[in-house]
Structures are given as C-alpha cells and as structure tokens.
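Same chain, two partners: subunit A is paired with subunit B first, then with subunit C.
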Partner chain A sequence: MANVLVNAPKTARKGDVVEIKALILHPMETGYRAGTNGRLIPRNIIERFSATWNGVEIFRMDFSPAIAANPYVAFTAVATETGTIAFRWTGDENFAVEHQVPIQVT
Partner chain B sequence: MQRRVFLAGLAVTVLPCAAGATPDSMAAAIQEVTKGAALQPVRIKLDIPPLVENGNAVPLTVTVESPMSEADHVRAIHVFNEKNPQPHVFNAWLSPRNGRATISTRIKLADAQKVVAIAETSKGLFFTVSADVIVTIAACIEDIT
Partner chain C sequence: MTALRFLFGLAAVFVASFALAQTDPRHSGYHDMGAALQKMQDDDTANPAMLFVQQGEPLWRQKAGTANKSCADCHHEAAATMKGVAARYPAIPKGADQPVDLEGRINLCRTENQQAPALAAESPELLALTAYVALQSRGQPISPPDDQRLTSFRERGAALYRTRAGQLNLACSNCHDDNAGKKLGGATIPQGHPTGYPIYRLEWQTLGSLKRRLRNCLVGMRTEAWDFTDPQYIALELYLMQRARGLALDAPAVRP
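On to the complex of A and B.
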C-alpha cells in the first residue's frame, strides 16, 4: 500500500466548485540518472493519474519523467452528487494504486 | 594531447544529461499537439517562480479563463520545456465537470529554461503562454555517486 494523501472537502453544496489535491509517495525515477555503479537507474515513473466521481471520469493526466518525485496534483471539480471520488495512479513496474474519499453533496 | 583527451572524456560524461530536449524538439512536440493550429497568447496564465533554487520540485500552476460550459470548455492543458531530457512535462484532460480550468503540480527542471503551457478548447482554439525560469541547482546533476 503506497502512501497517499488526498485533500478534498467532506461536504459541498450542489453546484459548488471544489478543489481536490492528491499526493502520492513515489520516486519518479527518470531513467536519466546514474547510480553508484555508474550505470543508469532504470526508469520508474507513474504514467497516468485519473479521478472519477461515482464512476464518471472527471480528470485525467499523463505524467512524464519531468514530474517531481512524490507527484502532487491539484485540480477542481463541480460537486454534482453524494458519493465517492476515486483516484487511480498507474505506471512502470506494474504500479497501480487506488484511493477513495467520500463526499456529501447537499 | 592528453589534456585534450581528458576534456573530451569530461564532455562525454556530461552528455547523458545535456542531450535531450531542445527548442526545436519542443516545437516539434507542440506541433504534434496543435497540428499546425494557430497559438493565441491570451486567456491563459502560467504561475511558476522566475528564480528557482532547486530544480527537483518547481511548483507550477496553469489557469485558463474559460466558462467551462458544455459548448465552450478547456479540453486539455499541455506543458512543455526546452532543456529537460524530454520536451514533455504533462498532458491533462479536462471537461465541464471541472468547473474551472486550473491545474497545479510540481515539476523537475534540468536547467534554466523556458516552460510553455498550451490549452486546447472544445472549439478547437489553442491558447499559449511561456515563462522563463532560472534554476540554480538543476534536477539532473544530482547523480547518486
């Protein structure tokens, strides 16, 4: 279980624009750096981040090696209905992490 | 002569980091996204510090002025750079569900360089903005040795 930190409001009024921040622990090794033996360290990055609201995709982002280690992304979403916001990170070396947060929309 | 060989060796060891994106390859990467459409320098803002001490994590925010309605919204935001090993930084896809067209993240910069953001709208327009960033500690030189 990778370490994930998500900051999203627990409640929102219908139609409000809420800010969602997501941070995940990951080295984002570029594949361009040499290790102690002088050889390049193989690339190991997260390639894709996506967020869904009750199963409907609201945000998607493709990372390149130029995204800093422990990728942080902040974006906004319109609060439409009560439910869960699910986040998914996938990448090299079969990296796949999912995280969900509940949200109450009134 | 030996000194020359030594210097040539130095140049080679530095190369893996230096070889990479150039203004030309960035232009090519941008061309791939816009498919030749005109870029307008309006309605988009790129917030990035002009002087960065550590290129390993540079905060960046892209904001686009857009009603984000079904008829007129920002469909994608792309960020490019000139001198990292690759010209791509990220591509993000948005929809009216986002309410506002704004993204924040943290990026790596290998050198003092220009960063370019491009927004693509549902009407097929492209907005662009660029910023020059000076980096004192580059992200690429910190090999684990």
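On to the complex of A and C.
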C-alpha cells in the first residue's frame, strides 16, 4: 500500500518561496544486508523522486542505498500559478507512486 | 540602588528555586531529544509514525474474521471511544484474570469478537492499529487503573526493574533512575517513561512497541531477551506505567 504524507501550503502569493515536504513509506533495503538464511536481501530502493508544478518539473532527486527507510524530502519552489503539484516516486520492483496536491496562487 | 537590585535578585532566585522544587522531576523522553527530533515528532506531516497511523485507520474499519466485524462496528469512531485507552493499559480485561497490554487487548478483540487469527507481535498491521488507537490518547495523562488484582503484577514488575541481570550485571534502575540525564556514549539516558509507544525509532527505521524497546534494553544488558509472550513484559509495563502516572502521552512518538 502506497502511503504518502505531503506538507505544502494550500495558498501562496505569486512570487512567494514555498516550502514543500514529502514523506513516503518505503523500506529502502540496501541490497548489502544478509537475511536470517545468510543470503543477501535483494536491493529494493526508490531510485528517483520528482515533483512537477502544472507539469513543469521543479525538483528531481536520485536516491542511493545509503538513504534511510521512509525517506523525507524537503525543498522550496517559487509560487508561479494556481494548479497542482504532482509528486512521483519510482524505484526497484516496479515501485511507482504518484501523489497530487492543489495550490492556489493569488 | 544596587542594594535594591540585589534584593530583587535574591527574591527572583528564591521564587525560581521554589518553582523548581514544585515541579515534577519526571519527564518524557521527548525532553531528552534535540530540537530537530522534537520538531519532527510535533509535525504530523514529518513524523514517520503517522504513515503507520494512516494505515491503521482503514484497518480499524476493515471487516475481519468469521464474525465479519470491524473494530468500528463495535467501537464506532475511535476519536471518541478510544480516547484515553492507551493511557490505561496494561489492564485486566473483563472476564480475564491476567493483565494484557494494548497490543494484547487488540488481539483479544480479534480472536474473541472478530473470530480472526491474532496478529503477530511487531507485525505492521498490529503496530498500525496500535498507533491509530494510541494517537487518540495524545495529551492524556497516564492513568493506570486502580485495580487491586494488578498490585501483585506491579510488585513483580518493580522487582524486575531493580533486579540486576546479564553479563553487564545491570538493572533497569541503574540507568533509568541512578544515571538518567547523563550520557551513555553519545546518547542521553532517558528516565524510561513509556509515554510515546508505539514509537518510531530512528535506529529501527520503523515503528516498534514497548516490548521491542524492552527487548532492546535486555540485549544491551547482555541478557537473553524474553519471548514476546513472556508475562514478565506485562509486569514490567505495569510498573513503568505506574511510575509514569500523570505524565502526558505523546504517542506515536519519534525517538533516536
């Protein structure tokens, strides 16, 4: 079950710098750990996180195995126009989660 | 002028020391954390434990077992009916003679009322449901029940708390009473009040119960950790809740 917590302002003034925070439930299994049977647990991480504002990319980040479980990303953007901020996480084992929040720019 | 200022100063010191003597020396582990972690816990969109709460809510409404009942079918809205519940457990359920903790109570509901198999200790479902129930008691003072039948269990817990064990020959009290607030390695030793369970522990990178935390301490003392079903945990939890009586719950908490 995809499970996401996003904290972004619902309204902003045009030109404002807004802080956007996104948290997602994910084990971020490194691929370097051995299980109880002694075999390596296959790597299962999020590889890429991106955010778009009305379809325009405003933030992108590549994740590595060194990032802890349930990664939390905070970034800033300049409020330009009313619309939707869309988030996308993709990774190993066909992991793909999308989440959208509306924002009103005045 | 200086004499006057001195008098004022003296009065201020007197008032401050009086206030200090009046305050409770006990505090939640929340106050032993750095500002960054406190902020993480306080912000429900940054607290990773809330991811589990988010999963607990649908579980609360999901029908289970041969009785085909959900938690909500009997208990309705958790915000109203579960308020303060996490602050009371462990307790002895109706018709039983042994105390159970919150996880045990949820599993009793599953096996008896829902006719469903009990959830495994530390399973994501059990933790999510416990976190969802515990959240409803946030800010409530810990108020263990005044049940005479619990006295012997609490005494057993108190004895366990003070019994040295393991290769390091430590009792709980050696750290959490005698040396609380001091450093163990880089970490501050907390007073050991169970205010925030289930907790999201950064070291675990996931949510965990008070039992898991106690097992952690047992391993740290280099003694053999008890099995998850061992009644000694419940006795110890009963004593810890008694010891923390009146402190506000801050579940689901973040801890280092």
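Throughout what follows, the second predicted complex is superposed on the first by the 105 of 106 C-alpha atoms of A that agree within 3 Å, B and C clash if a C-alpha of one lies under 4 Å from a C-alpha of the other, contacts with A are read in each partner's own complex, and residues count from 1 in each chain.
Just so we're on the same page, a contact is a pair of C-beta atoms (placed from the backbone, for glycine too) under 8 Å apart; a residue touches a chain by one contact, two chains touch by 3 or more.
Given the structure is predicted, the values throughout are model-derived calculations rather than measurements.
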### Query
Of the partners subunit B and subunit C, which touch A:Asn3 in the superposed model: first, second, both, neither?
second
### Query
With the two structures laid over each other on chain A, which partner does A:Tyr32 touch: subunit B (first), subunit C (second), both, or neither?
first
### Task
For A:Tyr72, select first, second, both or neither according to whether it touches subunit B, subunit C, the two together, or no partner.
both
### Task
Could you tell me if A:Asp62 is touching subunit B, subunit C, both of them or neither one (first, second, both, neither)?
first
### Query
Which partner does A:Ala86 reach: the first (subunit B), the second (subunit C), both, or neither?
neither
### Query
Once the shared chain is lined up, is A:Val101 touching subunit B (first), subunit C (second), both, or neither of them?
neither
### Query
Touching subunit B and also subunit C: which subunit A residues?
21, 28, 68-69, 72
### subunit A contact footprint on subunit C (complex, rising order)
43-46, 48, 50-52, 54-55, 202, 205-206
### Query
Quick one: in the complex, what on subunit B touches subunit A?
16-17, 20, 56-58, 81, 84-86, 88-100, 102-109, 140, 142-145
### Query
Quick one: in the complex, what on subunit A touches subunit B?
17, 21, 28, 30, 32-36, 38, 40-41, 53, 56-69, 71-78, 80
### Query
Hey, which residues of subunit A end up touching subunit C in the complex?
1, 3, 5-7, 21, 23-25, 28, 68-70, 72
